[in-house]
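Labels for the chains are A, B, C and D, by order of writing; each one numbers its residues from 1.
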Amino acid sequence: MPCDTVSLGGREARRERLDVLGAEQIGPYTLLRLERGELEPGVPGQFFMLEAPGRPLPRPMSLCQAPPGGLTFLLEPVGPGTRSLCSLRPGDAIHVLGPLGNGFDLDVQSPLLVGGGVGIAPLPYLAEALGDPPALLGFRSDRHAEVACLLPDAEVVVEPRLVTDLLPDDPGDVLACGPEPMLEAVRRRASGAQLAWEAPMACGYGACYGCVVEVGGRYRRLCIDGPVLRDVA
Amino acid sequence: MPCDTVSLGGREARRERLDVLGAEQIGPYTLLRLERGELEPGVPGQFFMLEAPGRPLPRPMSLCQAPPGGLTFLLEPVGPGTRSLCSLRPGDAIHVLGPLGNGFDLDVQSPLLVGGGVGIAPLPYLAEALGDPPALLGFRSDRHAEVACLLPDAEVVVEPRLVTDLLPDDPGDVLACGPEPMLEAVRRRASGAQLAWEAPMACGYGACYGCVVEVGGRYRRLCIDGPVLRDVA
Amino acid sequence: MRIPLLNASGCLDALTAPTVASQLDAFVTKTVTPLPREGNPPPRIAESDAGMLNSIGLQNPGIDAFVHDTLPRIAELAVPIWVSVGGFAASDYSEVCERLDDEPSVDVVELNLSCPNVEEAAESVTELVAAARAVTTKPLYAKLSPATWDVAESARAVEAAGADGLSLVNTIRGLTLDAGTRRPSLGRGVGGYSGPALRPIALACVHACAEAVAVPIVGMGGVTSADHVLDLVAVGASGVALGTILFSDPWAPRRIRAELDGSTTATGVPSERRIHDFVPETTPRRRSSAK
Amino acid sequence: MRIPLLNASGCLDALTAPTVASQLDAFVTKTVTPLPREGNPPPRIAESDAGMLNSIGLQNPGIDAFVHDTLPRIAELAVPIWVSVGGFAASDYSEVCERLDDEPSVDVVELNLSCPNVEEAAESVTELVAAARAVTTKPLYAKLSPATWDVAESARAVEAAGADGLSLVNTIRGLTLDAGTRRPSLGRGVGGYSGPALRPIALACVHACAEAVAVPIVGMGGVTSADHVLDLVAVGASGVALGTILFSDPWAPRRIRAELDGSTTATGVPSERRIHDFVPETTPRRRSSAK
């Protein structure tokens, strides 16, 4: 049983043990390259649950790049799960489930990508799908900003300047991913923006009700109703 | 604090993180070679508590050989702890505490070593200390008997023959280590024998009262009153 | 004997993962209460070194929406259905059980008497079981907490009150702190602790109850492999539920079933007691749809 | 504030490891009972993936031999001494406490009200504390079990009965099976579960009790690092005891003390309540030997 399909509301995800092809350090981040196996890369903004060796729960990660035969993730080591993932090396293999959730709606007129920190993770794959639209990226430090090399044409700011300082008055169709304060700021400036949110997730496929966010006064499961939400009220 | 001394009833044990120098397969067993650090090898029959990576408790292991600058252990993979230890490789390091417990009394007239299975572990170091006395070894199978190479001059039997079948009528000063039924049989045949017993141990230094065996109608801690006992009543 | 495998309540949504639910010998719903509940504020999930914490707090649509919307859709999967029932007073339990008694697609009612994430009912577990027993003819399973000095005593009491079986165990209260702030990781503070760390506790509870009662037991707590299933059966479980493992491995039921089928190990003494609805020869299954 | 580090009762013998005991801010003895006890049959130790089980069963020489032989030798270490007291009836607790009341080398009496490895006393924990309180002027710590639905309720009750502090938590009942035979690993069957798996449970108990009572709390359960010590302090512990970690690392007290001294992390809000005998300025230490 190398690969199993799970129907999730009519869509299909697969789970497979994938070999690690490489793990490259970019500033404080790690670019983890896995073989693709029989998994679909899915729509940009969708995510995968990655087994974090030694930890009881898998970790949700956006697909960053989809090279032929591969799946690439951008990881920031912030705790035990991401540290375990960042220490993977060729020769290791991990179980991966996906693609999961709702990605970005690609039917947009004048796309503008906005990313902050490790939140830029889904943007390279998204940029590819949209034909390299303009992109604005913000980082905590020059060292963090090294990862902007994944989006060579993007405009980049480093704190204390904020990525929202660069937003034009009429930003068009914003597609954004980043820390919550950044998404809140983007939302205030660009109504109708597509925002990719985060929440701690145990399952990623609607089984646990752990990942809820308030949408319209009700708790919705971000893993199946998101992670990309349009203009969360 | 690379190395710490623990006083145990007046004697000294140390704890140190030791590099793995090698791990060699002999039949179903693994000969694990560690650097010696500042640990003393102790008296033959004493044991060390070896950290088993990933497991909450360390594991008691008799010293098998004491090459210059090294400590060598013979391991049989029977469960999660010993499997973890058997998978160590050069480049790894584990915490080791010892030497612990009471070893064999080396003040004997006509020593005869008797070992069964992985119970031969302490005999190479013991044989060295006693000037290579005669030794009788018993094993479950020819594959297990490969490890007799550690005691080249020993007489070796394989089941269905038992090591006790080889015991002479007047066996002299028997020093034995092996599975409980073997020790019981040796005891019946050789009164006054020095027998090295086993029990599950959590600490190895008298802290937990986990390792008790009945001696003279009372529960005694094998780790500090043994593991070598003379003629358990 | 084929060991029935179920999901643990709250650890699988048959509607978002129908192909997973179909692999089970019975699907157990998330706990249903009389009124809809939004549950506890996020974060609701945290991890410890050997388990996880949750503080979902029984988010569910309430019995009305459950019976009208959810149940008919689950029934389409044609898997036996166990409905987990919760509440905050004996009247809540009897209200929900009464409603379910009319639903032919419900095979078993599991009474969640032990959710650590909500205020407890004032009544004792015995009174809650008795209240449910009075209003339903469905087989009733009582789900008990491991957080009790003598679980066998509770087991005897709920058996006497009319429980047809036991589900053992629910989560136990736990707390983790955020590494940076040393504030509780969960929005609610404490949560329910599940996963591998719970396994020895669950085994002890099943062991104690199997000696105390005659009714069948569904064992659960930290099961991740066939070996763990066989351990629970060896101490007296008649069926085994998979919880936290489903989050990392949705295909665990199929994997573990394959491991069990391939297992040459003695299973200990398989329990003589059979859990409900896995014995079609003695209890004809009612499979008429509720739609 | 210097956070006092103790050993957990039953996890260190000051006589076999005096250099380890000397590193502690107080040494806690293994539980002493009125009569000598041989304890439970071996095997008494088993390991699980994230903890260990023990079924020692309070092996101890009894109060007579303890007072005459053991106590004077421990007193030579010049470390504050906490004596853990156990029994099978309120009269056992009062008998041992009365004997210890005359011993100047005893600084604190810890009442083990929660050993999962012996038959329990018929009286409630409140009655046991009251019985001890009636016969001793020593500071009394009540050691509670995590195996209770509402530990804060027990905490309030023992505080009202005269406890000067709480020790939280004891082990919880657990079971593991031998992989080959699927029979219980321990001679007694069930045992007390301790180590890393217990940590979230212990944190939840300390958190709940710190909000419920005013007396100081010694926290314990799965501590292996300074980080875990600071977590317990953040939820309300005034001191922390090391248990299972001592088996793999006898030098843990010194290592953790060094980690704490080097730690620049905020410790949360260190508790205002001070545990006994670490405040020489307010409570003059009685250090006269019992010999």
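Basically, a residue touches a chain if its C-beta (ideal position, glycine included) is under 8 Å from a C-beta of that chain, and two chains touch if they have at least 3 such contacts.
Small disclaimer: the values here were computed from a predicted structure and weren't measured.
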Chain at maximum distance from chain A, centres defined as averaged CA atoms: B
Chain A and chain C, separation of their C-alpha mean positions in angstrom: 34
Inter-chain centre distance, chain C versus chain D - centres from mean C-alpha coordinates, in Å: 34
Centre-of-Cα separation between chain C and chain B, whole angstrom: 47
Contacts with 2+ other chains: residues of chain D: 48-51, 179, 196
Junction residues of chain B - those touching two or more other chains: none
Pairs of chains found to touch, sorted by chain label: A-C, B-D, C-D
Chain A residues touching chain C - in the complex, by the definition given at the top: 1, 4-9, 15, 49, 51, 55-58, 79-81, 95, 97, 199-213, 218-219, 224
Touching residues on chain C, where the partner in the complex is chain D: 48-51, 53, 120, 145-149, 172-177, 179, 182-184, 189-190, 193, 196-197, 199-201, 203-205, 207-208, 227, 230-231, 234-235, 265-268
Parts of chain C lying in touch with chain A, wherever the complex brings them together: 10-13, 15-20, 30, 38-39, 42-52, 54, 56, 59, 179, 195-196, 244, 246-251, 254-255, 258
